[in-house]
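A, B, C and D are the chain letters, set down in written order, and residue numbers restart from 1 in every chain.
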Amino acid sequence: MIPVGIIGDGYTAAELVRVLSRHRRARVATVFSTENIDKGFAEVYPHLLRFSEVICEKADIDKLKRECQVVFLALPHGLSAPIVRELIGSGVRCIDLGADFRLKDPKIYEEYYEVTHEAPELLDVAVYGLPEIYREKIRGTMIVANPGCFPTGAILALAPLLKEGLVETENIVIDSKTGVSGAGRSLKLASHFCEVNEGVKAYSVGSHRHAPEIAQELSFAAGQEVEITFTPHLIPMSRGILTTAYVKLRPGVTEEQVRQAFADQYADEHFVRVLPEGTYPHTRWVYGSNFVDIGIFVDDKKRRAIIISAIDNLNKGASGQAVQNFNIMFGLEETEALDFAGIFP
Amino acid sequence: MIPVGIIGDGYTAAELVRVLSRHRRARVATVFSTENIDKGFAEVYPHLLRFSEVICEKADIDKLKRECQVVFLALPHGLSAPIVRELIGSGVRCIDLGADFRLKDPKIYEEYYEVTHEAPELLDVAVYGLPEIYREKIRGTMIVANPGCFPTGAILALAPLLKEGLVETENIVIDSKTGVSGAGRSLKLASHFCEVNEGVKAYSVGSHRHAPEIAQELSFAAGQEVEITFTPHLIPMSRGILTTAYVKLRPGVTEEQVRQAFADQYADEHFVRVLPEGTYPHTRWVYGSNFVDIGIFVDDKKRRAIIISAIDNLNKGASGQAVQNFNIMFGLEETEALDFAGIFP
Amino acid sequence: MIPVGIIGDGYTAAELVRVLSRHRRARVATVFSTENIDKGFAEVYPHLLRFSEVICEKADIDKLKRECQVVFLALPHGLSAPIVRELIGSGVRCIDLGADFRLKDPKIYEEYYEVTHEAPELLDVAVYGLPEIYREKIRGTMIVANPGCFPTGAILALAPLLKEGLVETENIVIDSKTGVSGAGRSLKLASHFCEVNEGVKAYSVGSHRHAPEIAQELSFAAGQEVEITFTPHLIPMSRGILTTAYVKLRPGVTEEQVRQAFADQYADEHFVRVLPEGTYPHTRWVYGSNFVDIGIFVDDKKRRAIIISAIDNLNKGASGQAVQNFNIMFGLEETEALDFAGIFP
Amino acid sequence: MIPVGIIGDGYTAAELVRVLSRHRRARVATVFSTENIDKGFAEVYPHLLRFSEVICEKADIDKLKRECQVVFLALPHGLSAPIVRELIGSGVRCIDLGADFRLKDPKIYEEYYEVTHEAPELLDVAVYGLPEIYREKIRGTMIVANPGCFPTGAILALAPLLKEGLVETENIVIDSKTGVSGAGRSLKLASHFCEVNEGVKAYSVGSHRHAPEIAQELSFAAGQEVEITFTPHLIPMSRGILTTAYVKLRPGVTEEQVRQAFADQYADEHFVRVLPEGTYPHTRWVYGSNFVDIGIFVDDKKRRAIIISAIDNLNKGASGQAVQNFNIMFGLEETEALDFAGIFP
């Protein structure tokens, strides 16, 4: 059993422990907490009773070095970078579920996150952990930058079209709808039940931190700079992200080419389910699972395509994808511990 | 008291009865039903106990002619047209909450609604019932075509910009999120609790019947044909529509001009609240009320504006607006029975 | 216009401002806040845009004395008592939405609320503000102790039976289900969206602070000590309390007598709707309104009655009832500003 | 692989297919449907894409006899009895998720379900499928009567106390709160989104069909007739049942004895988690899992105990328990395919 450490005790940490509880090759050796020190993790999250005996501990990086082969970091941005540097120096591999290693350009990081990057020299070492695009690089890396939840859904929806040059690289509109768990377990008015329930709103309009991440990866896919407009919306549900992406077809591109691009790109991808024509994703179909469902609409007359993707933000959008990356890094079956269906209804 | 008739007993009819229950100049004389004949309306909708004594009746157009000055029709499309013809022939004014008189071109109506229009000669008589745009025409008309719920939110969000020529008339993306009551009280799997709860999906992708209605009215505002892409999404909540509209600024247009267009257009509109810069609508702020809230974001660098509007689909998106039209038609105070705040939380 | 002051800026304060915005005889002169000082109340609660111009102020009791005839206190327990003493000393009448004046026995108050009562000499001056029981006393009082939300629903469900001696005073089980707004706007994990959504739990089992309040008032109604078991449950909704009360019929008591007790007690009560046999309340029917709906089931064979009541916790369970009390205190129409139907769906 | 058949295609059937998809010893050979014949089961329930290749078929009992060793019947009451008789006659074992074999007395069945029982001679053959009570009998039986959802939660909460004679057998109040999936996928107004959302109601007050089932099993546990009052409530959530059961302690019984009864009864039960003192269940902790969580409160002064249980109505309340029974019947590991944690948040 590979001993793994987890830093953090929020919702993504809880989902990591849940997913790893059925992993046949990994064992959660320790969880670091700040507010629940000495409590059983299953006391903090009673749905895990019988599935975790771990006791939350005070952070102790030396312990991770001694006892773990890999560490999942589920921390607010800015905190991971120095820890990662220290851990990899001791040969401990890192999967960072935070934002510190996602953006290749530290200036953009600093502009959006408003902190100085503490380990810019590692940005080239880190691999962006989207297995459907970077699988080979993930295999050998010491640092995985686990993608943001919105970027996961948006990039998987659009990369095939941009890679194949089928759509314009401008005037791309990405409109996402997310459940509330993406905002974490920290108390804030915006996550207070009565402020969310029975309503919907846009937030971080024009300024969300996932926008440059999406733009970066779509630009890599396109081989040229891509301009996007990204707006997230908060929906009264706990889990799930639906992303509706609007693109303009390039002259001469046919619906068949659009569909073929997805078929080609995802033919062997277990976790990507391209839905049949006329069927569009519902976030409930991926609820609690690591799948991303994709629906495709092409309006030949208006020369537009609408690509819709659904993920569970805590699975494919965070902890499930992190375990997928872990499996790849350690040469395990990629679907280990992840091969389960969503829960409906 | 002006005697009014209501045809239909679904959610919009219930909301009409609720709103009219505090109207000082109108009295609901009769409600026509098919499935609840002889039941008290407040037995069908117990929230109206003490507010309505009306008994549901079998449809009887002659009775409307004899007893009512105005009739609200809350019927599935295709059923209103012949009734309206008959009623106005007897001098009874009509407010149609259905789709029959919204589209000026019967061919587009027949393409989208897949029925033959029964009274095409009245399409020019009918006035599109968006008071903020057609107030003067509404005053004198015999037929109001009460707007669709999505069009209300979308048109009020975009008309000022198109009217002033500030934005491109192409590449307009309108992404709407609606609560479930818009689908009515008729049983269907898509409105079954467990199919909606804790999830979100797009529907009628590329084919929603409100798309041509939005395009028609925005084209009138622009004075030229406008091309839109409209996608509605179903959200796990009962009431409310949030519309996020993405447009491209014309060369040279400034943020100030954009904001000024809204300030000018809605300066005297009681039911339109243009929110201050940096504030974006939440559907809860208009819940149960006739207001439309509008938030404006301008990205000068990308030359884009995002306009976000929120309405209560059963009020400003249906019954509240119908009463607003009624007030205008009959020369009453426009806010009569409608001057109440939304309910939060 | 009677100038009124409000101390507090949480959900009950917001509902007070909303209700009072259509009061024809009252005017909100000032609202005291701690965290929103100098902000417009409608900036804090944008659903009130166009309905409130009040600016939140720092607490200033002298200002209340100078400018207000009545003050609504929406404060955590323990804070109201000294303020009320000072205000009534200057002739300002007080309606306390908190717990300080509800329990007649300061020892029970201190046991349950774990603070010393600061003004025990006023407990006999204060009138428990349940108009359906204490209307006459409310008329003349300087201090109204506005009832707790659970007690309102429970007492109105059971008092008629206990008053008439129709049921046993022991083995009474009161099982309540509440929406989340009852917990207020202060941040706490128990009100965090993801901790509440899609689940239900009991809380404060055997120890809720409203239990002694219910027992006190039911004992007064019965004329002897009544023993209750009260358990509240948290439901994933914003508003509403459903209370299911289980009692044992006394020997010889008939179903007819049970129904008659309610008919008699509430014959002239505008805000109490006793539902017909076979109909049981739904909290949606009272949503946003000041009504309490009551359904009655009698099992003659098992000698049991089940009484079910529904209220909106922010209206009849808090602010609506406070305004009802205000109307009575000042000799106004009791339904002023409160005569509106619930919102459904 | 043991070939299994499923009759029915509602939510419980979908949950059976989901659970069985990871069963290492069973294979879903066929699913019978009425409305989805020839559709892929994963087309009807897309969350099962990649987990089920089964095509829905028209009912064909002969096929079940030829190809299946066991059949799960997920049918409305009244339909199972004749099919079960035929199947067991051919040596096919049956697990009936409907009500036909739960009540031992056909007269009570006929009174509550208002149909004639078609196979009363099998009532003694059938075993009530609550493994924590009837494990040994289940092992050898041809027919399992899978318990109702409410009875599962109520019986597991109270049987230990009644079996040990610690509580009175009268004046037992059982107040349950259920999600909407228990009402199935068939369209009905009571399951229409807008009729359920943001509200709570009691239903089937005094007449729910699960009441005699609970009474029967608790009477068996007590060894004497037990009288219960059972009231279910509908909560705006998809899954989960919370049951709050109120009982009266017998003279001399101590809190320790109460807790010990649960500790003894459930010491070796994998799927029953008795929570520590002061912790009460939340349905989210068992969401999507086969666990039942139990919390215990004892009020020594009032001589009362409150036992609260939480289950997922589609798992331990239906399909999970059916698979648990299947595992026992076929001598497999009892937790096979069921050993996973609930999903939170």
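By definition in this document, a contact is a pair of C-beta atoms (placed from the backbone, for glycine too) under 8 Å apart; a residue touches a chain by one contact, two chains touch by 3 or more.
On a predicted model such as this, the values are computed, not experimentally measured, just so you know.
Q: Identify which chain pair among A-B, A-D or A-C reproduces the interface of B-C, meaning that over half of its contact pairs, matched by residue number, are the same.
A: A-D
Q: Of the pairs B-D and A-D, which shows more C-beta pairs in contact?
A: A-D
Q: Whole-Å distance, chain C centre to chain D centre, using C-alpha means?
A: 39
Q: Nearest whole angstrom, what separates the Cα centre of chain B from the Cα centre of chain D?
A: 46
Q: Calculate how many whole Å lie between the centre of chain A and the centre of chain D, each centre taken as the average of the chain's C-alpha atoms.
A: So the centre of chain A lies 37 Å away from the centre of chain D.
Q: Where in chain B do residues touch two or more other chains at once?
A: 11, 181, 194, 197-198, 236-239, 282, 284, 287, 345
Q: Considering the complex alone, what residue numbers of chain D touch chain B?
A: Per the stated touch rule, the residues are 11, 180-181, 185, 187-189, 191-194, 196-198, 236-238.
Q: Would you tell me which residues of chain C are touching chain D in their complex?
A: Touch residues, chain C against chain D: 171, 173, 175, 177, 179, 194-195, 197-203, 205-206, 227, 229, 231, 233, 235-240, 242, 244, 246, 248, 280-284, 287, 295, 297, 299, 302, 304, 306, 308, 310, 345.
Q: For the complex, which residues does chain D have touching chain A?
A: Per the touch definition, chain D meets chain A at residues 11, 14, 18, 21-22, 45-51, 181, 197-198, 238-239, 270, 273, 275, 279, 282, 284-289, 291, 293, 339-345.
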